[in-house]
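Note that subunit A is present in both complexes that follow, paired respectively with subunit B and with subunit C.
Our next item is the complex of A and B:
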């Protein structure tokens, strides 16, 4: 009846060989919460599905040799959310992934799927960018480490070769007075697509002055974007009114959204500024130990 | 490709089936195995009518391939009651009349069971967020939430069955 093949390899080598040898379109399957919807809608007609979830390490959370967290590419959101240590070190990344879909979707959705589906509005992606996460990519030519912001190249497109997939994500080791946060704006409280999303990660000194920052915006451009101009405004400052105003302006200037049913260009730019202020405030508070609760 | 042979434990029983790659777990349950309790409301992960528990995790069976079931333990609505004895969530759905057309009910009951397996003492807010992926066009959710909170109390031994 159909020619769609399926394989669930148990090693990286086997998976890479299958992808490299596929005659037509081959798709990697993690949680399937994007892939199955696209298959069903007929938007995608692959010849081969390579389910990578049986590869050891692709699901799970561990500490790397440098002390930083390593998150398996296909680890479901529910498993990430349940990890207390990761929550304490990277509350922004965890809350961003946790925003995806329902409890049912959380049972399957992964960071790799969210990143490689390459939607500009993907919720965990601004947080991954802000964290400075590194994707460990495997393929026929071996293994390479790629900053996450180099993976998506446009809506639904990535820089990965046909025979490549992401095995895991490395987060940098966490020093003192460092924290991240993510907020998205949606018109309701659950189950919606971001009008704008913002992830910010900061490190402060003893006086609360920012020494390092990364700022990322979602849904205001064809891909999630880094906003180094906004990060530069934070560095060397506490979060005073002047810094917040400049951060707001930088986020608005970086946002190049489109008008669609979720919002106009003007509205999205404005929201980008407002979210940047709010997310920075949460990240600074967390870095100073003032809050460790969730932003939602 | 020839049909794939899959072995899984479904509602406690080892089950073998054949399926095509593109058949979802929901297609397999309904059309291959004949367990038609799980419903297809949307086939896109939005409504939760197809909810099942796979190795302890609540998922939409419409967003999982049948072939992915290999080696997994799956609980569907048909496996929630203990023989003739209803699960407290089922009993309380009846008592509170937490259903009208009933299309969403299997998914809601499976999802509520998964919640109470993980968190025997949820707040109403936790229960509402947990069930946010289960859409019901009839009840307005209030009776559903009353039933789930009441079932939780029963399971903790704080209220009568």
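Our next item is the complex of A and C:
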């Protein structure tokens, strides 16, 4: 019969050593809301599971020296959602993470798990991309900082080495008139996987003209993608009808989805355009202080 | 006797449900919770192919695996002849069920059982399944109903010749049966019509989606006695099928009914029990089998998907003069779709002079269908009620007025034969008209739909025993598994008759060795038929108690009356005695004739038909195609609600399942005929936030054939939702959605196509 080893190291070094020394498949466990499901379904048969939650600092939210937020990799969704300051600065990222699973799942699910599971439909990932988050990665060769969009390389695949894992995420310092938003489309109202997801992060000037933008789309490509063409359309403009139409077209053009049980190519492209418009509208409103609420 | 509404003290109240605490605290014992000493785990190997000839099965490697105690294949079961089954719900054949439980020469759908193992752990059993080597010759397959009817379709059964056509066809086909119903002269009717609507509608197979997967624990003893713990809608049904499929005497099988986690018709047949018994016999130890959710989807029955054509002709004043329907129902791998009820229920709400209905029962390479809440009626009604909405629009007539104009009444002869008696359809339509939802103008941007539905309900065989315990408390035992609150309603009816507090009555479900035969829980029959048996048994107890009081007082029994749980002398002439209550009589039972017990078995006739009308308001997101149910009202004639909260719950549950059927539920097959979405993530039943508060409105037109006026209530509420929602979408967008599910991609595509 097969066996499975479990370890819960209390230091980064110990964790890295365990991963480096593993003989077969080794998996990093944060909240486990994907990993445990995959184990139960028999899709994964790891020899070693390294639970990172006992490593100091891997759960929690703090401010970095540059004034930007630092979010521990395994911080559960519920804790992120409960942080008022983070909500005010990054409402889009918070609402994206909050969409994952049920109340029970929110007690465990994490940004690192969502990113490293590398599903193109992951909800928090387009928001992380749009935010310009940096992943702090640790491994045998030390510590490196990687833009989050360089982590997933394909469905279920990442650029992390066998002995590497994410320790925390750094968000850039927040200037005035900046806001983000995330929407996904699902056939139900909750407990579902995104047919398309879209995260947008903008900075506006005093007149409401966009000076910086990042646009990311989920579930329309093998990984979540950045859509710089869509961001370019926003920069230099207010959200007038012409800009919205161009944004819609750019999102549709960038979307390269497949037809599967969750949606068709044709439908996903249309929805990518619809969501880009709706998310941009929420982000612009938030940046102008017009709304402070959630997109959902 | 029939009870008068104004006299009722218990019936119609809302006591706390007797099974509630156990269920919310997790203590209720479901079949999967049962254990036995030395128990083995059974697992089933299933075909990965939609259609394949089984060339060989080599079980030697699996048997050699340490911990494996038994392996069975079809060779371990008797090859029984074709025989119409006398159990279950809907048409069933013992041989078909045997072949469904374990494939013999062919696997007929992906998920079809081909072998099973019993091992000391689940892990070993899983490993053993991988070691069973099945050699297949993969055959062409067919999934969809129209494709299965095509002349060049792959044929599932070489011995299936269409029944119901003359002369008998020369060649086998996938069309198992043709059903026809005719009334009047439909051609002449259409000639008379001034307005005609025609439409073609399709529905998808949908699973009953009970929360509890199938499970059983079986123990075969060396003396040939078998004990089974099973989750089912009828433990007598489990006993009969298991006995037939294994060639055993029923007396040697005792089935204990476990608490059931939902059935909705899907547990009116069996999948696991004969396999568990066969494994137990071989291994000499008890065997438990429980399905995973994936197995439930791949291996157990949904209801039919269907293709339905409807044509209705009317006069300009709305009087319908002709109605026609062609229905093609998928039966899955074996004959037995609910095509009969499908043909009966579509037009049964209306008083129509000329009707012509033709139905086809069609096999294809998907799991054998099982009953699902008003089997067939939701499918046929989706088509008819959509067409009625189109007719109202074409006539420029209010959709409620069109239904009122043509509504079936007492004395209306249905196209399938029976004459409606004591029905409350008009009262339901009156309640629609009077309801604030109907009278409130539709909100800006929303659309409103109306649809009605019918289910005939059934009665049948039931047994109930009422025991008065030594302290005057009461036990009522029946043979009906409780899937909709029947323990509560049995206790309440008995308490009403005895004139005592319902808290002193406990209802239980007795096993097959402890109570007389009782047909399964289905067809909305239990509160009606088993309730009739329980009521009559309680009345026999009252007669007995009166005799005992009379003997105690030494007066004639006619001089004793029973009131509020006590025997009284009937008037001053009878003598002056202190009343004797149940506890006093129970205490002295030994001296007045022994145990106070009554058992009644009935074959209940006169189940009152049920009618419902649903009103639904929706918002359609025109960019995404997402439909939001904003407001939902379900009005139904329930005869008399014994426990109104359960009745409302039945109505809300039926409507919620209908909403899922309408909006998102479907089987997604890949190009190999394998199901792609065998789980609740991608087989989308509604979640709580998808469904608004459903207002259930109880209309009570008592059924005179039941002592309390009961008519079945559990099935009607799933009949109207699909058309009510489709009609609301039409009203919101101008677009008719004839194909289920009305999922976001399909709604968006329809909106795009309409410009």
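Operating definition for what follows: the second predicted complex is superposed on the first by the 294 of 296 C-alpha atoms of A that agree within 3 Å, B and C clash if a C-alpha of one lies under 4 Å from a C-alpha of the other, contacts with A are read in each partner's own complex, and residues count from 1 in each chain.
Just so we're on the same page, contacts are C-beta pairs under 8 Å (C-beta built on N, C-alpha and C of every residue); 3 or more make two chains touch, one makes a residue touch a chain.
For clarity, every value in this text was computed on a predicted model and none was experimentally measured.
Engineer: What is the contact status of A:49 with respect to subunit B (first) and subunit C (second): first, second, both, or neither?
Structural biologist: A:49: touches subunit B, not subunit C.
Engineer: Kindly classify A:32 by the partners it touches after superposition: subunit B alone (first), subunit C alone (second), both, or neither?
Structural biologist: Only subunit B is touched by A:32; subunit C is not.
Engineer: Name the contact category of A:103: first (subunit B only), second (subunit C only), both, or neither.
Structural biologist: Only subunit B; A:103 stays clear of subunit C.
Engineer: More subunit A residues touched by subunit B or by subunit C?
Structural biologist: Comparing touch counts on subunit A for subunit B and subunit C gives B.
Engineer: Please work out whether A:4 is in contact with subunit B alone, subunit C alone, both, or neither, and reply first, second, both or neither.
Structural biologist: The answer is first: A:4 touches subunit B but not subunit C.
Engineer: From the superposed pair, tell me which subunit A residues show up as contacts to subunit B and also as contacts to subunit C.
Structural biologist: The answer is residues 1, 190-191 of subunit A.
Engineer: Would you pull the subunit B residues touching subunit A in the complex into a rising list?
Structural biologist: 1, 4, 20-22, 24, 43-46, 48, 51, 54, 57-60, 62-65, 67-68, 70, 111, 114-115, 129-134
Engineer: Which stretch or stretches of subunit C touch subunit A in the complex?
Structural biologist: The contact residues of subunit C facing subunit A are 123-124, 126-127, 623-624, 626, 663-664, 668, 676-677, 681-682, 684, 686-687, 689-690, 743-745, 748-749.
Engineer: In the complex, go through subunit A and note every residue touching subunit C.
Structural biologist: By the definition above, subunit A touches subunit C via 1, 42, 185, 187-193, 195, 260-264, 267, 270-271, 274.
Engineer: Which part of subunit A faces subunit B closely enough to touch in the complex?
Structural biologist: Listed in rising order, the residues of subunit A that touch subunit B are 1-6, 8, 29, 31-33, 36-37, 39-41, 49, 51, 53, 76, 78, 101-105, 107-108, 190-191.
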